[in-house]
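Below are two complexes that have chain A in common, paired first with chain B and then with chain C.
So, the complex of A and B:
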């Protein structure tokens, strides 16, 4: 028996979301069990079963969330751009002052 | 860092809201408590299918028969989800079943009683499932994330069961005097087990499962929540709750009730309830009768491997 992780798409166009896992001897039964356990009420438009052994994981915060300032990647850093537009056009100048 | 420091750090982290995943390091005590807690929950889902199973053939209409069957399938499905969690914590399924049928591990008190009438089916699906939703909703905040996520799915399905049960009860309460009596008698049979359902009111500071964040709400608080939500709903449809001491105390903001006999709860969950041995006997029989299925499934795996 192998553990298969189960992913479910709940409506066309949506992403596949992890919903849990099943224990099965092969791919075909894994799909049968996944349907029985995770889509009894027609919750899925698509199911994936993936052998757990095939999943490669990383949970290292130093790697995933390095303690560096990446502000230039976020919208917050571009507030100044709005100010520049106001300076050029003169609109709302009094409020900015 | 010593082991003790590591354990203390883990405990502080879960108390501050850190969520633990299946593959993460965890202290042995946490793993052991989690295994015991979830295994008991899983056993209860599986054994909980049996009292209602008796009513598939006796359900009054085809619609009810289908609904009861679907509920039973859901309960067994919940057991499947929960047994997977227990397996991931390190206990093999074979061992889980052996421990259940030999009486070594426990299941919930309410599944140790017989179902005497169709009234019981309605009261169980409505009120036992309502009591269960209160504890299971609180478990959505468990520090063990796979359990918390499983609770979201289970609560979603339990909500249908509750409606199914309420519909059975209301239908009878709109019926003849005999049908109303059927419901009243069922409520009288189930009130004491319901009041025991959330367990003795242990002081929260001594409850280790709370300390580790395995559960998030104390037993007595769950019972109070249940009473706040359901006492009025039960009374306003013409049913009488069989507890003369039951009343809401405005001063303390709490429900007063007749204290259940907690030693009786212990006697029941250790396999001495009115239906305990019959249920375990049935589970043992069905485990033996389905041995060939397990052999075919796992044997097939060996052939293709």
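So, the complex of A and C:
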């Protein structure tokens, strides 16, 4: 038995979104189970099932949200950008704005 | 269609509808006890599909016989149902409120039954799709779009059991041996099929599908080195004439229970 992650497209042209997972003995049954659990009422135009083992994962915050200030790398942090943004919005610009 | 073809056509429609209804009921019994929870949901959905197909065919039969689909599905006498005997036995363990549940159910039996029946039904619906009776051809083309996935489901489990650990394989082989005569009984024709063939309503009789079925079944056996049982073995017939076994007594009582309590109840 393998875990498959299920991705669903809800209309032609939209991106595939992760909706959950199923347990299944093989790819064929994974597709059928994904249909039953995630498109019972015709919610999907397309389904992907991906063996969880095929997913390459990283969850390390040191890598994803580095502890040091990286603001200097971003255009948004330049003094002129900050000043212009303040003129436009009347608010203090921040990296998250 | 000539007036003489009406009765055989209605009977033929009932035969197919009864096959689908009875299998749908029996397979719905796996709800809650299938091997894994995902299969529980999937198998129950297949069962509901079959009941949907039965409903469609009962509706066509009702139009020919001036009755209604519920009457045909649930209010005929026990001996007026024409499904093949393969479809009527219970494959699940039986729940008993006292806690004395009956064992003896086997998932391999449910899979073998479905696979052998669905291969037959695929051939049957393939010829019906060519029928000169337009309402039937149109209905069956829709049914086939769902049945294609039923076959894929059956095949996945067939391979899983045949190629899996020894116990699954043993159970599969036991189920094949036990069900083979019943499976051959699928080819028992409904009365009046020759009339339907003569009028082009049906391209072939049910009996003529048998060789094609063996050609489909043989590779599925060969792929896993499962010996094909004798195709000339005596088939379990009678179903198409309304003659059934104890599995049907039990199922008929259960599936008509509510209707018998309140025959004219409306839902």
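Here, the second predicted complex is superposed on the first by the 73 of 97 C-alpha atoms of A that agree within 3 Å, B and C clash if a C-alpha of one lies under 4 Å from a C-alpha of the other, contacts with A are read in each partner's own complex, and residues count from 1 in each chain.
Keep in mind that, in the parts below, a contact is a pair of C-beta atoms (placed from the backbone, for glycine too) under 8 Å apart; a residue touches a chain by one contact, two chains touch by 3 or more.
Keep in mind the model is a prediction, meaning the values are calculated, not measured.
Superimposing the complexes on chain A yields a three-chain arrangement in which chain B and chain C clash.
In the superposed three-chain model, the partner touching more residues of chain A is B, compared with the other of chain B and chain C. Touch criterion met: A:21 reaches chain B, while chain C stays clear of it. Of the two partner chains placed by the overlay, only chain C lies in contact with A:32; chain B stays clear of it. Once the two complexes are laid over each other on the shared chain, residue contacts for A:45 go to neither chain B nor chain C. Of the two partner chains, neither chain B nor chain C is touched by A:87. In the superposed pair of complexes, A:57 makes contact with chain B only, with no contact to chain C. Superposing the two complexes on chain A places one region of chain B into the space of chain C, and among 95-103, 113-121 or 293-301 that region is 293-301. Shared contact residues on chain A (touching chain B in one structure, chain C in the other): 1, 22-23, 25-26, 29, 33, 36-37, 40. Residues of chain A touching chain B in their complex: 1, 3, 19-23, 25-26, 29, 33, 36-37, 40-41, 57, 59.
Across the interface of their complex, chain A is touched by residues 21, 23-24, 73-74, 77, 80-81, 84, 87-88, 93, 146, 149-150, 153, 157, 297-298, 300-301, 304 of chain B.
By the touch criterion given at the top, residues 36-39, 41-42, 45, 149, 152-153, 155-157, 159-160 of chain C touch chain A in their complex.
Only residues 1, 22-26, 28-29, 32-33, 36-37, 40 of chain A touch chain C when the two sit together in their complex.
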